[in-house]
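Following are the structures in question.
Common to both upcoming complexes is subunit A, partnered first by subunit B, then by subunit C.
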Partner chain A sequence: MFTLLITCFFAAVLAPWVHRRVPKYAGALLALVPAAVFAWLIRQLPMVAHGHSVEQSFQWVEGLGLEFALRLDGLGLLFALLISGIGTLIIFYTQGYFKGHPQQGRFLMYTIAFMASMLGVVLANHLLVLFIFWELTSFTSYLLIGFNHEDEAARSAALQAMLVTVLGGLFLLAGMILMAQATGTWKLSEIVQRGAELQAHPHYLPILILICIGAFTKSAQFPFHFWLPNAMHAPTPASAYLHSSTMVKAGIYLLARLHPALGGTGEWGAILTTIGVATFLIGALMAIGQSVLKRLLAYSTVSALGAMVMLLGIGTSGAIQAMAAFVLAHALYKATLFMVAGGITHETGETSVDRLGGLRKAMPFSFTCAMLAGLSMGGVMPFFGFVAKEVWLHALGDYPLLLLATVAVGATYVLVGITVGWKPFAGQRPDGLHAHAVPISMRIGPLVLGLGSLFLAFFAGWIGHAIVEPAAAAIAAKDLEVHLHLWAGFNKYLLMGIGTVAIGLALYRTRPVLLKTGARLAGFARFGPDAAYRLILSSVLKFAAWQTRLLQTGTLRHYIRYAVLTTTALVAAAFIRAGGFQGLENLSPISTRIALVAVLMIAAAIFTVHSNSRLRSILSMGLVGYGMAMLFTFFGAPDLAMTQLVIETLTVILLALAFSHLPPFRHGSSMRTRGTDLAIAVGGGVVVMLLVLAALDVQTPTAVSDYYLEHSYKYAHGRNVVNVILVDFRALDTLGEITVLTIAALGASALLKLRQGKQEDKS
Partner chain B sequence: MEVLLAIVIGTLYTGGLYLMMRRNLIQLIIGLGLLSHGANLLIFTAGGLRQGGAPILAEGEKMFATVPADPLPQALILTAIVISFAVTAFALVLFLRTYQAVGTDDVDELKETDT
Partner chain C sequence: MTSLILRTATRYMFPPLLVFSVYLLLRGHHYPGGGFVGGLFAGSAFTLYALAFNVESARKLLRFDPRDITAVGLAVALASGIPALFSGYAFMTGTWWKVPIRPGVVIDVGSPLIFDIGVYLVVLGVLLTLVFSLGEEE
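So, the complex of A and B:
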């Protein structure tokens, strides 16, 4: 599995190169990679169907317990099959869609990188590994939505999708960390076995909410659903792949994966069912008023994702298997419809379904595929959508209200199915609408998936046993039997299905009225979450601009002020928190000569600050330095005293020399500025003073010093311990010091040379 | 004794910080000088003051008879003194060049000199 992931990422990196080499067949060649993954997954199918799982792991960062752990079980297999299977077809489809496009290589790279990340999400068995891949899918999605980077709308939609999903990702990370702390393990396979322990933990509710926010943002649940319709600015292959069949299901996958650990409680049911139903209904309602092909599909995807969350929230075995079956059915028909829609727009340049018509002669292939998928979406016999819808209705048998909602929403699915599958192809072709059939590469994908919707229905029993059952068993964490039937007998659910289709047909009849109502409702968008997002984003930007203007003035003095103030405040706060002042003990007695030196230094320092003359100021600073040297002598540091004397003299001379090139002090500040600066400076000084006094209480460990005192003669044959430390024990530090000096000297001389050069130029 | 030195350190920090917030470039350098004195003294005091002898062995001795002053802070400060000299010298040359290139030694005016 690890090899597979690496191969996929490697293929992504190679994609632009492949495209440059064989521009015409890059898609077909690169599609071999996901095809290989798909084949490998199919080979694991019998084993996984028997309840086994494939595991692989190696230590990543040992000390942190970070393990690169992968695991393939029934749930992972269902998603991985969809990711690699649809991925193969999409990458092949790209070849036709982007025919002759100079940036096709870039698109292929992003798409394959996304595929690899998404496979990582569903195969990860370690929370942090999952999180990393999770964020990678957000990131690749950002690149794909913003693929037409010259389009302002695409860029802002990409940013929106990224901000929403990454923000959700942060919540998810927090939830994961809490969960790992509560269970004591990062491994998913172990966490799902500790459900009881986790649910009894006091942090259970925060964990649940955090994880849900992460999953809901990713899977476009209300009120975070707004990014998904906007994400339709992505090229259609990306929309078909990421934003209908795979990436948006990552949140569903995560909730399903964690169902054994977090699910089954009242909170779980309440949160997931409420949000799921809300999304389910709102998505369907919004879809009715849409006439742009891709937005229509996007809203119906939002609704479908809501349905999956709702079914997970209900959490009965029936609901779980309905959800697993629906994930499969939805991916098949929605990706097909997107690919067909992409084909239509590609060949006619038209995006609105109301300006399309009569394409059945020009695009018979697209028509066939669209009908297959549209019928499956409507839940018509004998398509897989019908099979899934039957199980679904069956699972809701005890919830009459939800059953009613399902019938109503199901009717809008029928409406969407007809609008996309039938409307563009039927009737008269509008004047000036040119169309011709899509190329072969764009036929394969929709055809395979469309026919898949049909054939899988006839093998429903086998699919149920081999794919849906292991997935449902992994979600429910218990053995269960799934029996999918194309013909489940004549019962009330069949009647409901037929009723749904009938209502849908009636809705299609009244579509013009619905569109008008939809247009009228569009005014409410002003109060919707999309508007809220824009408001928040612009407020954050305004705040950032305001505080940047305030803090980043470009004046050095202000920066110093802020730095000093912040440090003072932080140190003072830490000081107070540590309990303030403990009282002074172990003070050494004051001797007269030291007191004299100290007073002299204080006086000299004040004079340095106060003086208006440059020379007096610098000389009194020198006096402070000599005072330092004297203190060093008193406290047994002759080396320091000598160095200080030499350096201080040098500094004074250097400064005095520089004066001849600099003007006298002439820039005064106002009294107010000086007052403020003095207050800040005094604050800094007082805090440092308190710090020194507090440091007296701290017992300095002397082990290192003692070691040096003891061994300096023994090992280094030196009598002056300070010198031995500098040139023997810590010789490398001294080398660093010498390097700094050299660099400073080089820099200074370079600067001086620069001036000479400039003068020469002038003369 | 320590209280007295703490006051000295506090004064050096105050003076240094105040000078660094002035508008003349040269005052900035002098402020930096005062600040590094303060910092050196801070390390020295915090390392513990011992009025014992210097950590230097007399001729013929192999071990210290009495505990001398702590050599570790001394080694640190020795490095710090030299480094701060390098910084001061470099800053001085830099400011000198700035003044010659821009024609002002007023820190407030420097923000309008970017081209």
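So, the complex of A and C:
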């Protein structure tokens, strides 16, 4: 499994190169990688279907107890099959969609990198490994949504999706850490066995809420659903892959995975069912008013994701079976519809379903696939969507209200299915709408998945046993038998299904009215979560701008003022907390030579401030520095003294060089500012002096200097302890310092160059 | 700043200053000195030259772009940490070799010395980057 993941990431890195070498067949070649993964997964199918799992792990960071653990069980297999199977078709589809596009290689790279990350999510058996891959999917999704980076709307949608999912990711991380502490293990396979222990833990509710926020943001649950429709700015292959069939199901996967550990309680049921039903209904309601193909599909995806959360929340074995079956059915038909929609837009340049029509002659292939998928989505016999819906209605048998909601939402699915599957192809073609069939590479994907929706229904019993049953067993953490039937007999659920289709057809008839109502209600978006997101984002930016204006004035005096005032305040606060300053004892007497130097320095400092010539100021400041060097020699620090001397000389030279570029010297500040500055300077000086005096009294338990003195020659072969510390004991610090020095020099040199450039522009 | 006295004095002072800077660098391990102050001395020598003549000729004398010197210095300092990895120690652990100079005389050469040479070069490069770009701006 590890090899497979590495291969996928490697393929992602190689993708641009492959595209450069064989631009025409890059998609087909690269699709071999996910195809190989798919084949490997199929080979594991019999073993996993018997309840065994494939495990692999090795130590990653031993010191942190981080283990790179992977595990393939029924649930992981279901998702991994979808990811690699649809991935193969999507990558192949990309070849036609981006035909001749110079950036196709980049797109392929992102897509394959995403696929690898997503496989990592569903195969991970260690919470932190899962989290890393989870964040990687958010990141690759950001790159894919913002693929058309010259489009501002795409950029902002990418940022929105990223901020929402990554913020959720932080909640998730917090939840994972709490969960690992509560159970004492990071391994998922062990956590799911400690459900009882976890549910009795006092942190159970916080863990549940944190994990739910992480999963809900990722899977576009209300009130975080708004990023998904906006994410439709991504190129269609990405929308079909990430934002309908795989990535948005990561949250569902996580909830399903943790169901044995966290599920089955009242809180679990309440949170998941409430949010799930809300999303389920809102997504469907929003879908009705949409006419842009991809947004229509996106809202129906939001609704479908809500349904999955709802079914998980109910948590009976029937609901879990229904959820697993629905994940499969939904991925098949939704990816097909997206690919068809992409094909239509690709060939006609039109995105709104209301301006499309009569394409059945020009695009017969797309028409067939769209009908197959649309009928499956509507839950019509004999498609897999029907099979899934049947199980689903069965599972909701005891919940009349949910049953009612399902019928209502099911009707809108019928509406969406017809609108995308039938509407663009039927009737008269509007004038000026040019269309021709999509290339072969764009036919295979939708055709395979569309026919899949049909064929899987006929093998429903086998699919149920081989794929849905192991997945459902992993979610429920107990053995259960899944029997899917194409024909379950004539009962009330069949009648409900038929009723749903009838209502859907009626809705389609009244679609113009619905669209008008939808347009009238669009104003309410001002109060929606999308608007809230924008408000928060702009507030944060405004706050950032405000505090930057306040603190980063560009005036040197202000920066120094802030630095000195902060230091003074913090040190003074520390003194007050420690109970005031104490102890002026044990001070050695001041010798005459030190007093002389000190007086000289003080005089030079006063002269620096009062001089009315810039050169004199610099020179007298140099004098202060030289006095300091002299003090260093008195106290036996020749290294410091020597460095101080050279530095002081160079500072004077540098200042002299810099000052020759400045305007004439004058005291521009008023008496009042100078008074304030004096107060700040005196305050800073006094506090630092007190600090130095207080430091004399501090007795550290073991002086670190003793260690250095003792070991300097023994281990580091050096007698100059100062130098040995710099280049040996603390060499890494020095390395950091010289790096900072280099960056500062580069920055300064760039700034000076910039000014030169400006002057040249002017002249 | 084109005093004849300064120019003449600089001609005589420049070589000893450079030699002294290397001397400081090498003796640093046992006595006052080291890469930092050595680099500063070497930088001052070139600064003095730039003041006495002009930045252009100082640049010519240096032959390399000071930014390149900085980069090389950083690379040398980084590289000095690598030998320790081969002996299984942590990055930057001091490693010492016995280098025979001539029969009977063997001196200890350690990775800290290489590191110090890197520091020397970085300080020299940074200082001259600043001095040259400020001095050239006229």
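Heads up, the rule we're going with is that the second predicted complex is superposed on the first by the 553 of 763 C-alpha atoms of A that agree within 3 Å, B and C clash if a C-alpha of one lies under 4 Å from a C-alpha of the other, contacts with A are read in each partner's own complex, and residues count from 1 in each chain.
Everything below uses one rule, namely that a residue touches a chain if its C-beta (ideal position, glycine included) is under 8 Å from a C-beta of that chain, and two chains touch if they have at least 3 such contacts.
Keep in mind it's a predicted model, so treat the numbers as computed, not measured.
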Counting only touches as set out at the top, which of subunit B and subunit C does A:S352 meet: first, second, both, neither? neither
Considering only touches as defined above, state whether A:H717 meets subunit B (first), subunit C (second), both or neither. second
Is A:T739 touching anything from subunit B or subunit C once the two structures are fitted on A? First, second, both or neither. second
Thinking of the overlay built on chain A, is A:Q56 touched by subunit B (first), by subunit C (second), by both, or by neither? neither
Go through the superposed model and pick first if A:A658 touches only subunit B, second if only subunit C, both, or neither. both
If you stack the two complexes on chain A, which partner ends up touching A:I594: first (subunit B), second (subunit C), both, or neither? first
Among the partners subunit B and subunit C, which is in contact with a greater number of residues of subunit A? B
After the superposition on A, what does A:L752 contact: first (subunit B), second (subunit C), both or neither? both
If you stack the two complexes on chain A, which partner ends up touching A:L650: first (subunit B), second (subunit C), both, or neither? both
Applying the document's definition of touch, where does A:L726 land relative to subunit B and subunit C: first, second, both, or neither? both
Doubly contacted residues of subunit A, that is, touched by subunit B and again by subunit C: 638-639, 643, 647, 650, 654, 658, 661, 719-720, 722, 726, 734, 741, 744-745, 748, 752, 755
Can you name the residues of subunit A that touch subunit B in the complex? 553-557, 560-561, 564, 584, 587-591, 594-595, 598, 601-602, 605-606, 608-609, 614, 617-618, 621, 624-625, 628, 631-632, 634-640, 643-644, 647, 650-651, 654-655, 658-659, 661-663, 665-669, 677-678, 680-682, 684-686, 688-693, 695-696, 698, 700, 702, 704-705, 708-710, 713-714, 719-722, 725-726, 730, 733-734, 737, 740-741, 744-745, 747-748, 751-752, 754-755
Considering the complex alone, what residue numbers of subunit C touch subunit A? 24, 28-37, 40-41, 43-44, 47, 51, 67, 70-71, 73-74, 77-78, 80-81, 91-92, 94, 96, 108, 110, 112-113, 115-116, 118-119, 122-123, 125-127, 129-131, 133-135, 137-138
In the complex with subunit A, residue positions of subunit B that touch it: 1-30, 33-34, 37-38, 40-42, 44-59, 62-64, 68-72, 74-75, 77-79, 81-83, 85-90, 92-97, 99-100, 105-108, 110-111
Subunit C contact footprint on subunit A (complex, rising order): 638-639, 642-643, 646-647, 649-650, 653-654, 657-658, 660-661, 715-720, 722-724, 726-728, 731-732, 734-735, 738-739, 741-742, 744-746, 748-749, 752-753, 755-756
